[in-house]
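Have a look at the structure that comes next, please.
In this document, chain identifiers A, B, C and D correspond to the written order of the chains, with residue numbering beginning at 1 in each.
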Amino acid sequence: MTKFALTVTCDSARGIVAAIAGFLAEHGCNITDSSQFDDTETGRFFMRVSFTSEKGATLDKMSDDFSAISSGFGMDFAFHDEAVRMKVIIMVSRFGHCLNDLLYRWRIGALPIDIVAVISNHMDYQKVVVNHDIPFHCIPVTKANKPDAEARIMEVVDATGADLIVLARYMQVLSDRMCQQMSGKIINIHHSFLPSFKGANPYKQAYERGVKLIGATSHYVTADLDEGPIIEQDIARVTHAQSPADYVSLGRDVESQVLARAIHAHIHRRVMLNGNKTIVFPASPGSYASERMG
Amino acid sequence: MTKFALTVTCDSARGIVAAIAGFLAEHGCNITDSSQFDDTETGRFFMRVSFTSEKGATLDKMSDDFSAISSGFGMDFAFHDEAVRMKVIIMVSRFGHCLNDLLYRWRIGALPIDIVAVISNHMDYQKVVVNHDIPFHCIPVTKANKPDAEARIMEVVDATGADLIVLARYMQVLSDRMCQQMSGKIINIHHSFLPSFKGANPYKQAYERGVKLIGATSHYVTADLDEGPIIEQDIARVTHAQSPADYVSLGRDVESQVLARAIHAHIHRRVMLNGNKTIVFPASPGSYASERMG
Amino acid sequence: MTKFALTVTCDSARGIVAAIAGFLAEHGCNITDSSQFDDTETGRFFMRVSFTSEKGATLDKMSDDFSAISSGFGMDFAFHDEAVRMKVIIMVSRFGHCLNDLLYRWRIGALPIDIVAVISNHMDYQKVVVNHDIPFHCIPVTKANKPDAEARIMEVVDATGADLIVLARYMQVLSDRMCQQMSGKIINIHHSFLPSFKGANPYKQAYERGVKLIGATSHYVTADLDEGPIIEQDIARVTHAQSPADYVSLGRDVESQVLARAIHAHIHRRVMLNGNKTIVFPASPGSYASERMG
Amino acid sequence: MTKFALTVTCDSARGIVAAIAGFLAEHGCNITDSSQFDDTETGRFFMRVSFTSEKGATLDKMSDDFSAISSGFGMDFAFHDEAVRMKVIIMVSRFGHCLNDLLYRWRIGALPIDIVAVISNHMDYQKVVVNHDIPFHCIPVTKANKPDAEARIMEVVDATGADLIVLARYMQVLSDRMCQQMSGKIINIHHSFLPSFKGANPYKQAYERGVKLIGATSHYVTADLDEGPIIEQDIARVTHAQSPADYVSLGRDVESQVLARAIHAHIHRRVMLNGNKTIVFPASPGSYASERMG
């Protein structure tokens, strides 16, 4: 039995759910989970439906047949086979906690993705990546070689057919061009509770402001630094007795989890863009479960 | 424009969502929010649909018409008019924080209910209740008069037509008979993280065990003390430096919020019973907003 | 047996703790709780000591005797009698949840303060305040009368001898002059996770930015709007399915608790100013416990 | 400059802090952090003092000199050199998330310990441990060989001079004898919010009870299974839509963090036993900071 997901966006109108549910029933599909959101401010409708097919439905056939419905409502839609894993590139600089965390989740199948490459501007994590049998690309970045470096990164993206780039504490700013080209396909973790403390040294900024909670924010990367649509955020409590270096340690756990949750939502097609905001539908039953003990 | 909710439970089967969505579309209704859950363990299906009618649908007509669908799937279902407020009785003993909290939420319309009575076995809160223009019934309970006292409580229930009893730190155990008679209609707040520390003095029990978090649990009342289906739970951090009397204070905030959240979910028909567990669907957009400033 | 607190600030030096502890022992005092902080960045030392006296020590005598020690270390210090309650003025505009919350905590003795006045620029809460036998002052504020209104506020401050002003959702900006005059004696609650979303309509700002957590911040008021030293912060989770009006409701609980915690810390002399930051020492054992059941 | 910690327990009495602080001042030591707790229920006093020596104090000399003071108050005490790392054995069965997490923290110096061995009853983590240049001991456990296996474990303990055993999801119950022999030196992580759901399959138990939060508890191991003194606990939110297998995934993050926090507190001598409860003093400034970037 195969599991599928359908994502739909269109203007709100009566009968959308009936049309979608009717279509799936006619095609012998069982809806196993469904979430929707009507944005009354913009008049846009968003839906994610999980379903199984008992009749061996193929995505191509479904997509073709669905066009009759989608055209009536002016829908953007996509069918996804949950068994097809997203191809993901992880990029990292010198802080490796998110990388370590993601590799573990990937290893036990808690993040069902294919990691097709790890790219870094440093050599620190070559060994650990290679031990996981994942191709490691060291692409140093300097002021002088920046465009070249990015071209090399894009070569890896093209060669691997990557669906998603995860910036797991990658400390180089990407060019506007790359941001646009990969729009909605690059997820970053920023070590502050955005919109507070954008840019460099957010923990130091937080320390100097004297906040009582530090945070982390995972968001899609856009050409505006740290301004992209937020997917997930969380915080940790700090006191006067913690230094910026303490914040770095306390923040590691928050960053790792916030990034992992954002990726989990993205790969299960639970995130939908709504202008500069995101809709993040709840996880489907069983979707957190890992594939292997570990 | 009227807002309605439909709740449905039945055995899982293909086409349920299509049938429901189709029915609503045919009756000129717009689905504004929808949540569903398939319990793969029990094979039961649960759904809550919010919708508006542009054609002046009446609940009776909808219910009648829906029977064609419901009988096919063997559905338990109910249509609810969101403009019709539940009639609620609050019961309280000597700790008044939940009462105070609920009265405030009710006053500003954050909990759209009709409080038809406050019943207490003590006189402490007579004045505050009367100041809110709510009927106050003092029904003292002793070992000797227990059945009589409960009969008087049930008289108030009957006379007011109450849909829900909230035990807002009411410290008397209700009889099995009353629990069964009002099954699924009595919500309690217990000041522990159930199933830990059932019964009396949970904060003292927690202190003696040396836990690092204290909790509160809101649940439907059943004949088994503190064993009913859990609706909501939350916790607060404590340290070695807090005494049981400190726990009581720190716990007040948790109890008040957990109880209010459980009531919010119940009155919006977001809670569905699934054996001794509950399904609690997410809040519909706008449902937290209060009706009045305050 | 009387409980006292001593707060001390000075430049770091060897022997401070020994000098203080020795002084207290010589004066027949038992240290029951003690917290200290060395700010290695600024070289400043901060300490709070709780103690009891078995020999009927008086604050005046202690202060006089302590000058021998304090002058040697260049200490700022103060002895406090925990039985002497701070005189507090609560100011509120049209959102009354913090007021309601504070009144309840005060009523049961969970916040051991004397509320000497409630001041509002509206009449909404006159009745509830009067029901608590607290003097209510309605001082409307317009562009035209602002200086006069503030003069009237300061008259109440002077007449009552207030030690602390709590801005419990008071929506008027105080003048620089008043901020300076009452420096360290005005606590505000701002309904955002500062430094994000300063100024007006923070929930709307948060909604438009698409954050996944909303927050509240309690801070001392300075002439820089929403820039004063932060005492306490907390957050609540929101999703795409919540509107700004939902945020207002979800934020109420966070605001009420954050403000109450900040006041609790302030009145127990647990907050010490360190430049534009605060040191907030942990609560002493038993200090959360309320004086009365309720 | 060396950093030291002094831990003291004795019956409460006037002058303890003065005696300790005076002693340290006389020995040319600067107190950098200090926490104390008076248990008014038992009359016991607990203190932890961090200090630096400018005069090259040695632990032996300090201990000897301190005996004059300690004997007067009947103190149990210990001086610790913060530069001397605890020798730690990690034990693990088939779930490796805590191991992976601890290895990462150890690698970057966020947990300043010496991992002298990893012991497992399975082979799963041999490679990862060896890649970290840590001795790996596979000691299978069966009903038949249990005493022998434990004897082999104790041989490793003796041979390495381990100060602490961390049960990082080690699924075998240790004998009473070993628990007593290593009393206060074995830290376990249990995947429930104790005292709820002791023993086997706590996530399944939690699922069946229908709780809305799952938890993890780190505690010292005693002969009573899952009844030892609790060091740290935390929780994660679950909904009806999560299965026991989902709980396992969501619980991993909580378990890893709770265990790491408990170890952090233990190795910094912040945990003191108080009957079957623990005192956990706040972390000293800078103690979370890692020694290396990573």
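Things worth noting here:
As a working rule, a residue touches a chain if its C-beta (ideal position, glycine included) is under 8 Å from a C-beta of that chain, and two chains touch if they have at least 3 such contacts.
Because the structure is predicted, anything quoted here is derived from the model rather than measured.
Listing every chain that touches chain B and chain D alike gives A, C.
Placing every chain at the mean of its C-alpha atoms, the farthest one from chain A is found to be C. If you average the CA atoms of chain B and of chain C, the two centres end up 36 Å from each other. Note on chain placement: the centre of chain A and the centre of chain C lie 41 Å apart, centres being C-alpha means.
Multi-chain contact residues of chain C (touching two or more other chains) are listed as 33, 37, 40, 239, 241, 243, 282, 285-286.
Chain D meets chain A in the complex at residues 33, 94-97, 100, 104, 108, 110, 124, 131, 239, 241-243, 245-246, 248-250, 252-253, 257, 282-290, 293-294. For chain B in complex with chain A, the touching residues are 12, 14-18, 20-22, 24-25, 28-38, 40, 54, 282, 285-286. Across the interface of their complex, chain C is touched by residues 37, 40, 193-197, 209-213, 215, 229-235, 239-241, 243, 274, 276-280 of chain A.
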